[in-house]
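Comments concern the structure below.
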Amino acid sequence: MTSDATVTNGHTKHESSSKKEWIRLNVGGTTFLTTKQTLCKDPHSFLCRICHDEQLIDSMRDSTGAFLIDRDPNYFSPVLNYLRHGKLIIDKNLLEEGVLAEAEFYQISSLVRLLKIRLKEKDDSSQGNKRTQ
Amino acid sequence: MTSDATVTNGHTKHESSSKKEWIRLNVGGTTFLTTKQTLCKDPHSFLCRICHDEQLIDSMRDSTGAFLIDRDPNYFSPVLNYLRHGKLIIDKNLLEEGVLAEAEFYQISSLVRLLKIRLKEKDDSSQGNKRTQ
Amino acid sequence: MTSDATVTNGHTKHESSSKKEWIRLNVGGTTFLTTKQTLCKDPHSFLCRICHDEQLIDSMRDSTGAFLIDRDPNYFSPVLNYLRHGKLIIDKNLLEEGVLAEAEFYQISSLVRLLKIRLKEKDDSSQGNKRTQ
Amino acid sequence: MTSDATVTNGHTKHESSSKKEWIRLNVGGTTFLTTKQTLCKDPHSFLCRICHDEQLIDSMRDSTGAFLIDRDPNYFSPVLNYLRHGKLIIDKNLLEEGVLAEAEFYQISSLVRLLKIRLKEKDDSSQGNKRTQ
Amino acid sequence: MTSDATVTNGHTKHESSSKKEWIRLNVGGTTFLTTKQTLCKDPHSFLCRICHDEQLIDSMRDSTGAFLIDRDPNYFSPVLNYLRHGKLIIDKNLLEEGVLAEAEFYQISSLVRLLKIRLKEKDDSSQGNKRTQ
């Protein structure tokens, strides 16, 4: 996953900013704004497929044209941010298990793997704590 | 509770996406977007009944057509997510007791059972801690 | 405080759903949706009085007809939920002291009592911890 | 700072409710609703001055008439609540330092003093902990 | 970074309030309101460049005229507040790593440095804890 920004001669430019194709998602009642480029970071994901299947899009938009998705909006944020910058950042009040449920739904396999590793590490460490207590 | 997604020949498809019937709920002033399929995961719940009782719906919609429910929106999220993916994920800043109050109001018996078990386990473990201190 | 739902012959019904009188409150800029039945659970509260004093209502509505209240919206949620289901559920990121300030403003005496008991218990227990340290 | 409510002969009345002058603030993109009476609890504050300087107001309103303020909305809430009920209630996920930055910006001297005392107490107590460790 | 407010003869004035140029940003679906003066506190940042490159602005506005940015809104708040008052205030439920990702995207070098120092201190201190355990 590469950065959106390139630095040239002291001037920095967000390269493809003018070429971006914006897409709005209505996830469980909350509107998210992003680009097709972001949603297609993983070309096999459900999010990338909705960018390309025009027929699918037509039947699933709300009155404002946003694409309808029947999932939780709060747990969608870390998924979308992962696609944006390639890092897994989970707010302290959210649970890894909840992000995993979304990563599986959206079929982003690298994120599913990352979350399963993190959950396993947490589990191992809590087992370790129990043993040493 | 089965997944919304099926995998066929390397291509994954969110099966019933084009056939979904979308419904908007105005829960205590916050709008949630979901489908009748999700709300009827438990056919005996209050949420499923409002999908089928057209007369009831007519008398309880707001000006935008969303169905009115006089309950807390934050505590509705884990209930709706449970219907969406079958997992009980409660944000760290919310209380199990609050989700139970909603599960009972919406009459989702499997979720009520799950929450009572979880609350009993927590209670047992805190009793255990007290005894060993 | 009784439940909104009655169970008859295996079919459960949210009794007064069609007879509900909906009311919108604009609390500090956030819109809440509820019913006069909920707001009048405590007939001596400020919230019940605004349902009945039509003259008062006329002079304090916003352009969408919502009743204006100059208070914090986040701390109003546990107060409104208490009227909805009779339980005191305070999110982990909120403070009891803040809910008490609202309960006093809205003049819900049973909730004020409940919060004062809870704050006293917390105080006693933290005193106890200090003594045993 | 006195309460908004007076109790007379068993009937309680929110005294000046019909005389309130409502004002909307657009703080960093989020709309807050309050009254001039609340904003002028501290007559020397920036918030009170914007209520009286009509010329200033004209040049800084958004299209809906809300007064524009280029500050964070989440950290404005405890400041506004302090003006409403005279208590300093800071949600557990916010930092005292952030509320102080806002109190200084809005020039509410009693709140600045209160926050500096609280931060000093916290600092002393953490110093004390370090010494006794 | 200097304050927005100057005090003269007992009367305090928010100096440039009438000269402010307001700008709306649509960050990932959430609208933020701020000024060009704030966005240009760091003249080399991406946020300042969007204020000056009119051509760029034209191709990236939403229907309400807000400038479109494909990033997380919650993690944008501490970045914008840093530009507003020069302090780094990170809510307890957010992660430093997430703010760093945004500071890098928006190319605010002083904030990137500040965050890297803070993350290094945290890392050193957790290493120290491990050694002394």
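Just a few scattered comments:
As written, the chains take the letters A, B, C, D and E, and residue 1 is the first residue of each chain.
As a working rule, a residue touches a chain if its C-beta (ideal position, glycine included) is under 8 Å from a C-beta of that chain, and two chains touch if they have at least 3 such contacts.
Owing to the predicted nature of the structure, the values given are computational and were not obtained by experimental measurement.
Steps from subunit A to subunit E, taking the shortest chain of touch contacts, total 1. The minimum number of touch steps linking subunit B to subunit E comes to 2. Two copies of one chain, subunit D and subunit E, touch each other, and the residues they use overlap weakly: the shared fraction of interface numbers falls below half. Subunit C and subunit D have Cα centroids lying 23 Å from one another.
Centre to centre, using the average C-alpha position, subunit B and subunit D are separated by 36 Å. In subunit C, 92-93 are the positions where the chain touches two or more neighbouring chains simultaneously. Viewed as a network of touching protein chains, the structure reduces to one closed ring of chains, two contacts apiece.
By the touch criterion stated above, subunit A contacts subunit B in their complex at residues 26, 28-29, 44, 46, 49, 56, 59-60, 62, 68, 70-72, 74-75, 92-95, 97-98, 101, 105, 107. Contact residues of subunit B toward subunit A in the complex are 3-5, 12, 14, 17-18, 20, 22, 24, 30-35, 38, 77, 80-81, 84-85, 87, 89-93.
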